[in-house]
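One structure is given below, represented as structure tokens, and several questions about it will come after.
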């Protein structure tokens, strides 16, 4: 569904936003264009968000990261799409990644997350960060009953 | 369901395991016993895992943390119990909390998590930790389209 | 107060414990011996704890780190010794540094920290880790009233 | 001391500042108003800082977090108020929480922290972050003498 | 160079060591065997280290992670192999990953890292962790001169 | 090479930029001036970047941190200057220190880092952050073969 026209439309708005590196405008190599096309086709959108533009300064990384995101976050898994986005956001909150909280927050809202679910997510993330430090503070030994048994 | 008999049974195996502090054996104050009873009744188990024994050295913290865990991780929420455990584990993996990975891993398995789901969870946690650092490395600006609009 | 005799006594028990590197036993260079002597004299103890033995594999680091610890954690500051140890432990709990929790926990107990104070310390560390993530989760803007004003 | 008039005054300046979620202006539920009133009465201030406005989008979290902060950071503890704020800031610096550094920095200054004490606090936090990584880099084994003994 | 015989030799010593999950012994699927063979051929070794055995419980992750490690850490890059291992270890020290410090420490030693270089690496990692927190503590604004300029 | 004239030139542009603390303009104590002079002479530049201006609010920390940076990052080491900057940036990316990514990014570019090398650096940092969490998620036991042997 995404093709040449989409790329042309993209190029006009393709101001590089990465603080540290520039893709040099809309003049992409075939390798970069192929990834951009696949991102837009897979997500059924007609624009490229900033992280891919930044990674386009290093095409092997662009291709490798997109390939992973597509596989891990894509269909065909046991966990459903919304649960996967919530897990992603939980990590991003813990790591203080502003970009990732916003980008995956947008994805999660597309999948149905509302303010109440975001509130519950944030509460669990905050609670786990709290209890993690209590377990560490007291250097708690793992209970034998929690350890899996292998034959 | 949990009462005096349960506590007596508990006392026998109540060797303090916290590395840094001791609860002084099975001789608990009424405040601590009340929390222990509530933990066992709520979870329908007849034993107390190590983190509560360690927190019992500071009863206000024991009561406050249990009250939170009970509210946040308990029923009556929009997110289902397994999803909540997966979020909890995602944070614990990111923070490197061995105790919490094991204790909430056990809870998640009770809720139906199998090896494949654990594999998917770990893969998402690892991927988010990777992409978080790329967004930070390149200091990516948040796309306007990702920012929520408020009336 | 610490002199040659102290070092000789030390050598006998000087089994290297660092997992990754060895100091090669009790046969230290004058540079390392000088730091060891200063550590023992400053702290009025007759033994060297493991971190210094590990750092002795790289003498410039041993000298530099000890010099800093001596200056920052030593006397002559506005903050009192116990407060300084509590701050140190708070960081070590947040970073999950088992060695540092134990070593500075021991120092804090020498300065008067008991189980109740440790409980309060752990509770604040855990709470801050929780609220930190809420502030990050919601990407809270700093209130103008919290920003210091400079003439 | 805080009552209806205070809330009315608040509503006028109650522009939601949270980036990700909105409280929808000054039109709060009784549950939220009760927490707001308690915050202002407890702290003897006539305004609500941004984190509470963001948490007001999820009232159970607002109530739960405030209840904890009030208990842990409030009076009646062994550690004094300034020490508690310093510990809080130490965690917030380690976690890179801009909001928390500012909000608890303001609280600590109210409690008497000046530039020199802030300098000492920052120096200890930075030192602990340094030595934590050395202990981890060398995988230092905990000295037996640092381990507490329990009867 | 690696083939059937290698796998047979491997199977005998193939005790699963992952704490949380088991590969079920030496009876691997063709997908897992293919990755194992490629790991051993690429690295010119005749054994599989524990992380791959754990990931073998989720074959898509095993294949995806190995493919990345092979590409990012393999030949054909501007950065030389030892520099790349040092960067890897720097991250692992900062994140407190015991396994990764050991496994990539072994790789770096193969590439020529000795105790003195390890000491320098650890010192830089520790210093950066220290100054990172000072920059955060004081909320330092980035100097204009440090910001890259794009035409 | 740096002397009185340099300091005078500096004073004019010496607007304090630290968010949290002010150096009070160009009127520095001899202790601060001596460090500023040494920074400029060592680096052969005629300006002082913001972190030193902020640390100047606590002169003992200014002197101590500069002394360390000069020793650890300066000449006379086994690791070359660019490798050292890359290690520094790797830590700063992992810790999400915006200031440090920019300041040491500028240093690394002076030492010859181009976009492709930055891309490789970022890719390794991101990969290590990913695999660190997999090792932690599965609680992988360290292989005996990875453990150094000491005589």
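Letters A, B, C, D, E and F mark the chains in the order given here, with residues in each chain numbered from 1 onward.
In the analysis below, a residue touches a chain if its C-beta (ideal position, glycine included) is under 8 Å from a C-beta of that chain, and two chains touch if they have at least 3 such contacts.
Note that the structure is predicted; figures quoted are calculated from it, not measured.
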| item | value |
| --- | --- |
| Higher-contact pair (C-beta pairs counted), E-F versus A-D | E-F |
| Same-interface partner of A-E, chosen from the options B-C, C-F or A-B, over half of the pairs matching | C-F |
| Centroid distance [mean C-alpha coordinates] between subunit F and subunit A, Å | 29 |
| Subunit C and subunit D: spacing of chain centres that average the CA atoms, whole Å | 25 |
| Subunit E residues counted as touching two or more neighbouring chains | 19-21, 60-61, 64-65, 68, 72, 94-98, 101-102, 105, 116, 120-123, 125-127, 129-132, 134, 136-139, 147-148 |
| In the complex, subunit E residues that touch subunit C | 96, 101-102, 105, 115-116, 118-120, 122-123, 126 |
| Residues of subunit F defined as touching subunit C within the complex | 16, 19-22, 60, 64, 68, 71-72, 147-148, 150 |
| In the complex with subunit F, residue positions of subunit B that touch it | 93-94, 96, 98, 101-102, 121-122, 125-127, 129-134, 136-139 |
| Contact footprint of subunit D on subunit F as seen in their complex | 20-21, 57-58, 60-61, 64-65, 95-97 |
| Of subunit C, residues touching subunit D in the complex | 17-21, 47, 49-51, 54-55, 61, 65, 68-69, 72-73, 77-79, 83-84, 86-88, 90-92, 94-95, 97-100, 102-106, 109, 116-117, 120-121, 123-125, 127-132, 134-143, 145-148 |
